[in-house]
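The structures considered in this document are given below.
Shared chain: chain A. Partners: chain B in the first complex, chain C in the second.
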Partner chain A sequence: MIGRSDYQLVAPPIPDLPDWIIQVCRRKWPDGVFLDANETELIPLSSPKLAWRPQSEEFFIFSDRPTAEKWDDLGPCAENWNRMLHFLWQPSKTGAPAPVTVVIDEPTPDIQALLKDLQATFREAASFAPPVAEAA
Partner chain B sequence: MIDLKLLKQVVAQTGRGRELDLPGADEVLERWREGLDAFITYYRDRFGETVNPFDWWKVNPPKARAFFEPDTLSLSAPMKAAVWRILLGFDIQKIELVYQFSAPSHLRVELSTPAREEIELYESDNPADAKLLRHLGSILVDGQFQFQGYHSFQPFPGGRGPIDANLPR
Partner chain C sequence: MFHYTDRDGYNAIVSQPTWCFKAAQPPGNHPFGAYFTDLPPNTPNLAKRLGIPRRKLAYYFEFVDVGDLTPLPGQRGEHIFYSPSDYNVVKERQIGHGETGL
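Take a look at the complex of A and B:
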């Protein structure tokens, strides 16, 4: 990931965080595809198949299938600039907020808006997290 | 037919089945089972697919926990089907709720496939179906609020029902 930038977001301690991320990204990229870091199958963000799999701790979201399919050959380049997001997170076992790393190419206004939407969505998701007093 | 023992075990694993700690638990459980059977029949009749709610545990425990929430188990068959579709990623296009004390109520939910190819309509006159609303997730897109997803409230860490242990698989 040389040349790319890491951004840290903070998520509530919920076990289905990737679902929330996928739904936000699907609005940005309706033809986007999902790839678990440990798998090879590209799954459309619009596919119910995404529901029938475990929550991934590391995954990629591409803007569209052709970009994903050519990624290994091209690597980060002008053609696919800012068309892939790399997410890493771990479910909180203690009830503490969980850091979420998002790797991007460049924080253009579009990408910054997406990061802002993600962080705002995580705040919405917090209402499903365990009560604070018991989570410490 | 839904296995009563398995249903009780799964509800316990959600960490939210406190109804079963109270008197009348057997009746509640039986009602939930009947509701699940009715849902499976409804779903098969409407979509031509036989679903097994317990399958969620095998692949996606957070969605299992959401589907086996007591609130979900109390929903009518059409609204359970709506929840199922939302768990699959369907978009919530429109919700209309009419509720008035001692008067007929009505809940209408419109969903669309993620590709927005068609609209599905779900309706109910059971006021208890409004419980569906409190589990809807919300996301921000370009700063705009949208309902999306259906979720369980997470129990206390270390409390009853660790989600990754002793689940039926």
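Take a look at the complex of A and C:
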């Protein structure tokens, strides 16, 4: 009753973490789409509408719209292997680093490179972020 | 607490007065166990959250949680739990079962 694999990253206490994740995923998947876990609308990663979603705490990013539309019917399979990333995080309220869970199908070299890219981007984001107390 | 399964799994579990959820090795990097969630069938994007195809959500079992299940490591553990061995649910804890309509 559970599928895929969970990996843990650590993010600095930045308030707009999904924006940084979306930036990384857009480089990998220019035709990718975003889906908030509580909604049904698929939003292209290139859409300005995503700027309204910086506080999504659980979301999915697909390589492209057809993959997203077929995912529930297919589940994890060869056709969509590692073409959907599932992110879960909670904004830090204390200034402590925040765990980020990334759910993937398999840590292939390609996906491992993406996870490293995400972790490096989180470090970069921290250098731009105001202290949590100021951002609140 | 809920357990989701397909028709074969449903028929096997519902045939016994005490539900027995069999522990097994799931795909990926998850511990051996029987898996459950507190997410009800009408949860948006349930298949994606659990990482399984919709057909494996066709049937549900719902029972009273007594706090003896282990959260999955990581943030999916807020809603996904497991028992490291077969998990029995006696009649007094059973709330409902049937098709989810998913």
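Simple rule for what comes next: the second predicted complex is superposed on the first by the 123 of 136 C-alpha atoms of A that agree within 3 Å, B and C clash if a C-alpha of one lies under 4 Å from a C-alpha of the other, contacts with A are read in each partner's own complex, and residues count from 1 in each chain.
FYI, contacts are C-beta pairs under 8 Å (C-beta built on N, C-alpha and C of every residue); 3 or more make two chains touch, one makes a residue touch a chain.
Values in this document were obtained by computation on a predicted structure and should not be read as measured data.
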Chain B versus chain C as contact partner of A:39, first or second or both or neither:
second
For A:94, decide between first (touching chain B), second (touching chain C), both and neither.
first
Quick one: is A:71 in contact with chain B, with chain C, with both, or with neither? Answer first, second, both or neither.
second
Given the touch rule stated above, what does A:86 touch, chain B (first), chain C (second), both, or neither?
second
A:13 in the overlay: touching chain B, chain C, both, or neither? Say first, second, both or neither.
first
Spell out the residues on chain B that touch chain A in their complex, using ranges where they run on.
55, 59-63, 87-89, 113-115, 137-143, 146, 148-149, 151-157, 159, 163
Sort out for me which residues of chain A touch chain C in the complex.
1-8, 35, 37-40, 58, 60, 71-77, 84, 86, 88-90, 99-101, 103, 105-106
List the residues on chain A that touch chain B in their complex, please.
13-16, 19-20, 23-24, 26-28, 30, 45-48, 50-55, 93-95, 113, 116-117, 120-121, 124-125, 128-131, 134-135
Show which residues of chain C lie in contact with chain A when the two form their complex.
3-5, 26-30, 35-37, 44-45, 47-56, 72-76, 78, 80, 82
